[in-house]
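Below are two complexes that have subunit A in common, paired first with subunit B and then with subunit C.
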Partner chain A sequence: MNPVPLKESRALRWMVAILGLVLVLSLTQELARPETTDLISAGTAASTLRRAVPILLAGLGGIWAERAGVVNIGLEGMMILGTWFGAWGALEFGPWWGIAIGIAGGAAGGLLHAVATVGFGVDHIISGVAINILAPGITRFLSREIFAKQSGGGITQSPRVESVGHFDVPFVSGGEIFGWATPDIFGWIDDRGWFVVSDLFAVASGITSNVSWATLLAIALVPGTVYVLWRTPFGLRVRSCGEHPVAADSLGVNVYRMKYAAVVISGGMAGFGGAFIAIEQTGIYREAQTQGRGFIGLATVIFGNWQPLGAFLGSILFGFADALQLRDRTAVHALLLLTGVAVGLIALRSLKRSQPVGAGVLLLISALMLWWYLVTDSVMSELPPVTPHIATLIVLVFATSRLRMPAADGMRYRKGQE
Partner chain B sequence: MPPATAVELTGITKRFPGVIANDDVHIRVAEGEIHAVVGENGAGKSTLMKILYGMLVPDEGQMTVGGEVVSFSSPGEAIDRGIGMVHQHFMLADNLTVMENVILGAEPLRRGAIDLDAARASLEKLGASYGLDIHPDDMVETLEVGERQRVEIIKVLYRGARILILDEPTAVLVPQEVEELFRNLRELKAQGHTIIFIDHKLTEVLAIADTITVLRAGRTVTTVDAGDVTAQELAELMIGGDLPSPSTTTHQIDDHVTLSLAGVTVTGDDQREALSDVDLAIHRGEILGVAGVEGNGQGELIEAILGLRQLAGGSLTFNGEDISEWPVRRRRESGIGYVPEDRHRRGLLLDAPLWENAMLGHQTVEPFAKGSLIDRAGARNATEAIVSRFDIRTPGIDTTARSLSGGNQQKLVIGREIAANPLLLIAAHPTRGIDVGAQAAVWEELRRVRTKGLSVLLISADLHELIGLADRLVVMLGGKVVAELDPADTTPRLLGSHMTGADVENGEPAQ
Partner chain C sequence: MTGRRILMALAAPVSAFAFSVLISSAVLIAVGTNPIDAWAEMLSFGMRLETLVETSNRATPLYLAGIAVAIGFRMNLFNIGVEGQYTIAALLAASAGAAVSLPAPLHILFIIIVAMIVGSLFSGVAGYLKVTRGVHEVISTIMLNAIAWAMVGYLMRTWLADPNDTTLNLKTREIAESGRFPNLNGILQTFTRDIKGGRELGGFIIIAVIAGIVFHLYLTRTRSGYDLRITGLNPFAAEASGVDPKATVVRAMLLSGAVAGLIGLPEILGDDFKYDLSFTKGLGFAGIAVALIGRNHPAGIAVGALLFGWLDSAAPILDVRGDAPREIVSILQGVVVLSAVVAYEVASRARQTQEARDTAIATAAPTDTGSDKPEGEAGA
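After this line comes the complex of A and B, so read on.
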């Protein structure tokens, strides 16, 4: 097998997929006009990216733990620790220190999980749930002791914190180089209003303008995780602990140490996600501001088949649903149209793979969605805020085939067992 | 001058709570020889090898490697001394590539990352120099058993092992793969490696070993040269008495057909046909042996007969009635008994007491039930009867199934099924992983019930067992019955070549 053509064809497939997606979004946008203009725009793209980052970080955290064979349902709790410690660090020492201290807070939660599951052999789910219950208690206590005594703070929130700063990418989005403002090429094409092309550049413009440095760091963690897990001895050893710890042990790998390290890294990632929410997204610590993103992150692990890139795509999807409901509630109504079209396309694929029953069910769902879209002008007000969670459910239903979880995921390991 | 000593174990003793696994064991292995360690299950072979490989620490005794006294507290230390182990249950991660499995724990580095090119090159070099055919980038889950074993051997060679321990390496192989393995071992020996080979198949041991050490009940019985001993003598040394064998006595088979399959087709878990158009008939009082490499439809055959798997085509007739649409319970109650291949997963509730285990599958009928309720007293009496009739060694019927030895667990499962007086008994690998004594008891019982008119469908990987017990043999390959043989003029070799689909035109496989 020659690896070069494979890579080329993969790159080609990606480009086709992205173009197809933009095309579908553009078409749906045209159909839904003038009800909403937010299905595909620079603003939605930027917001999607911002909303996706914490989910992505939780997802990467989930991958680190599960690749080492530890189910980390405590990601949510570790994220909550990240929000509090992130805000506190940012207030005391500045935003970058806030990120670092948020990571440390999450890593401490990870260490607790590792001590329980790896050290004492506690069931992974029980330990994770305990951490999810413990974390809000700890942060409430700390808030009462610290934030409540500061001006602008209280027992449920901190004073406002500063963000780490943003940048525009030079030449494509008008970023500055040594004080010289480069042209904003993407923005210019976006403004031309060319069908599909402008939409494509609107998305590009959205994700290259006013980008947080922390977002850049988070996205760099995707290839970073791939590199460490698949190209370094440490990563291979971590993965071997998730697949066959007895074999790893028989080759002199210290299984406990690998698992500890992976779960602490996992917690650190979730903590970064929490700190990102507090410092970058909202600029304030508020109780319960993670809103279950740790769990959605866990869903992206499964959606992404325990691969970092897959989790990244999953987080973009959930980020999109989240961004849409935040920016423009009427856009959620247009989402019905989009879902109808998407399910219809999946139905056609099933039909092509000669799965008539599945295709029939999907076509029916698609028709129902379109009918719902046509006979209504808006959706009930309860629906928009839970759109990301509904998207999670729908996607997991369709993504569960062909998934391959680490073979020893969630199992207790004792040295010397067979 | 005699060859130098590679490994010497002196006075090794290892105790576990309640058992002495090794009791004052002495073994001397010369450099460059193939040294076999034989003994029954539970004779202490595996414990001894785990001590040598650093997985267990002996309570007493001394080990020398290359003349130096050593004591290992982890496999890593044994590896450093040039000792490698090929485990009986392969230590391979399915979802990693061959290369990742081999280099794990000893990865070649370039600038902090794994040097994949160097790793691939060294694997290919090792493979070429020992005649071991492997592909570094394949996922392990796609490999056949023989290939996995080669990966295991490469794994220890990659770590620079000069002394290789192989724990029952032939247990999972068909005869042709065994020959391939033996070729590889001879090649390793020719290049100066020392091989310690654990087995209990004596013909194989005699074919490959230079020296043989016999263990019995945790003690060394003797060490002999392979040239000076016969299989019969070895067996008697191993069990300390006469050898039981699965030899059949001739007897008359009825014309009455107990179970017949007509054109049975079944879809497997991967949506492909696992059984295609299978025709089979089992007569009253007949043991029908099914041979085949694992995964060629035997599992699906059992599930189809029991009703655990829907038929995609064809029909099942049991005792004159079409049972194709019957649910499992009705089939079981009408007289189909089942001894599953994995007694832990399908045969027993390990943490339940024996008397509860004894009613599994029969919990709706007397003596285990009265109306719709469990008859506790009846169940306990019936269990006592099974325990005494099948000689199950247990302190009582309230102990858990887990605390019985493998052989006694198996006797419980077989006893439970036979005590229910079935018309047909499906026995999947009934003697797998149990010792020679229990094996003889199981064979005796199957032969006894057969003469009383019970039909037995015997699925086994032990070809001697199949040839010795069965009245008629069929071979399955790729979900089809590819051959029907008379055990009276069948050899394991011939059976093996049918199982792998090798050329059998002249009644002998192609070389």
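After this line comes the complex of A and C, so read on.
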């Protein structure tokens, strides 16, 4: 293999991008008034990661199904099944069993979706919507039958459940090795308060301390999905069903079987996401606690252009929005400054490319955002939770032509068709 | 032939319902209750006049939601955003209605028009994004739902809530007497007995029936409705025959949103006279279910809405008598939807196969003579 020139090295580009992002966030944090300390901090980083995981899992679930050509609007319903079965399993057999049973619950929803769409050829959207209607009905009934009869539980919630446990990474965040406490290097640098450097290490410290084992497993599923879908014969077959099922069939791929497998995996991932919410994030099953995260996961699929890494970045972004609004709303206010400046820069670029109309509109938006930043001290509490939705709409409006979904996504395939 | 077709059309929903009852019964047996007792209990309670009044009240918004969804579905346009559209329409219509004073019929008409405009503006965004930027309406309406809820929360907290109200339950100002929809108790009671328990038969059912009739006439008697239907059946053929696909999408989206705007009004105009935090949610999604069961046909949707409304009205007796948990009804409803769409798919495939076979038989004879001829010529 030829040595990659340093300028084109992917790893380097990623490092530069991350450094740039930290620098920008640090600067914003320094300049923003009223002051904020939570725009970039260990707490925000940790919270972002924790909130990104369920979205990521739903997104990966969406990628699995859509790569096989099955649109999965039912992710939300499968996630709901995951929350209930996850909590139930954790109560009955322990937290890891809870995760496993939550995955199984979601996978059962996926199987249902596969039977309807692949087996019977029902329209994918219709079947997904039906599953989203069915799932809360099932969990409501089951809660009534099981949780309501336990102490601390009720029709809409379970007793408290235990988490699967956490760890600190040794040597960098003070994790223990055989009972010997290693130094907490990242935390130490964070405490020094050095401009940018400390912020960088604060983020590193946030995502390496007190990490749930389930988070680790979820993140491992990103390279895992890339590997299976793009590096194995099974993955190639699954993807071929999403691109051109008729051609795949003519080459001897069992299209139905591949679609079934992919949609069941998809449901399992969404179920994992649901179980994560119940067991790790809140420590309790509560009705409607998914709060539409299955739909946000679907948004990350589009956001990330049907690529696992893209969905991962999307989920981090949405997790960040989620984390900020819960921790510190002045930090969200500071983001107005950042967004306003960023839009202004894009406007200048449009002007340089002699697109005066677009530049004018963008400049106006930028000016409005900066004005909004200057005349207010905080943004309304309703805005941050919907930033993922607004961001998705904006991406779809401006980048639809650059997105490429699997060619036969959503197609109702019947064996023998032409 | 027509008799057989009607039978085939009925076979799918009936078998789907039977299947759902079977599944729900199995679930009840699994949790140790006797399903026959439960269903009998629901049937006898469900035939009481009060329950039927409640059924009608619950079916009215469901029917409107079903129609709103069906307008899109008829041309393969999935308006998942009915949920958000009706919520924001109800809030703004209730606020606008409380802000004006007009004579009775005009006041009601004003509120209805505001609700329809707000609903269609909101769904119009999705339609506009679809035709100008190619954004799929399923994704945009899902995103717009969340945005609508955020807007409702913000507007309620800041501008539209009644400032004189000191309770924690935020609410808009009450609509004056002239803006309230009369109930139909008087008319119903001349035919039956007195309705007990303070129940009122909501008058908005009249608007729902009118909406259903207009929907049917629009689809079957107007050029624009015809365009919408054939676009759903075959978009390429429709475009080739001169239908403007973009205009049709926008029109369908606007109409769907306008009807969606009506969904919250039975509650606003007939019951609460204001929008508050306890405003009924989920009617948009339930409307999707009802439209799917009713195969997007005005009469079918009515059956679906009445079925769901009746199940919701009759279920509470299960808790009162303690025979079975009432939540079994939500399982039943979920299974009905899923099995109905599967049953329709199976039935439509069966019909297609049958039609293909009929055509093959009908055309077989001339084709045979046709294929004989060239052979004869070749022989000669």
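Operating definition for what follows: the second predicted complex is superposed on the first by the 374 of 418 C-alpha atoms of A that agree within 3 Å, B and C clash if a C-alpha of one lies under 4 Å from a C-alpha of the other, contacts with A are read in each partner's own complex, and residues count from 1 in each chain.
Going forward, a contact is a pair of C-beta atoms (placed from the backbone, for glycine too) under 8 Å apart; a residue touches a chain by one contact, two chains touch by 3 or more.
Since the model is a prediction, treat every value here as computed from it, not as a measurement.
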Touch test for A:Arg353: subunit B only (first), subunit C only (second), both, or neither? neither
Touch test for A:Ala135: subunit B only (first), subunit C only (second), both, or neither? second
Which partner, subunit B or subunit C, is in contact with more residues of subunit A? C
Per the contact definition in the header, classify A:Val386: touching subunit B only (first), subunit C only (second), both, or neither. second
Figure out whether A:Arg13 sits in contact with subunit B (first) or subunit C (second), or with both, or with neither. neither
Kindly classify A:Glu145 by the partners it touches after superposition: subunit B alone (first), subunit C alone (second), both, or neither? second
So subunit A touches subunit B in one structure and subunit C in the other; where do those two contact lists coincide? none
If you look only at subunit A, which of its residues touch subunit C in the complex? 73, 112, 116, 120-123, 125-127, 129-138, 140-141, 144-145, 155, 292, 295, 298-299, 302, 380, 382-383, 385-386, 389-390, 392-393, 396-398, 400-401
Please name which positions on subunit A make contact with subunit B in the complex. 1, 227, 231-233, 236-237, 239-240, 243-244, 246-253, 404, 406-407, 416, 418
Within the complex, subunit A is touched by subunit C residues 27, 31, 78, 80, 129, 133-136, 138-140, 142-144, 146-147, 149-151, 153-154, 157-158, 285-286, 288-289, 292, 325, 327-328, 330-335, 337-338, 341-342, 345-346, 349
Please give the residue numbers of subunit B that touch subunit A in the complex, ascending. 55, 74-76, 79, 85, 87, 89, 91-96, 100-101, 103-107, 109, 112-114, 116, 137, 155
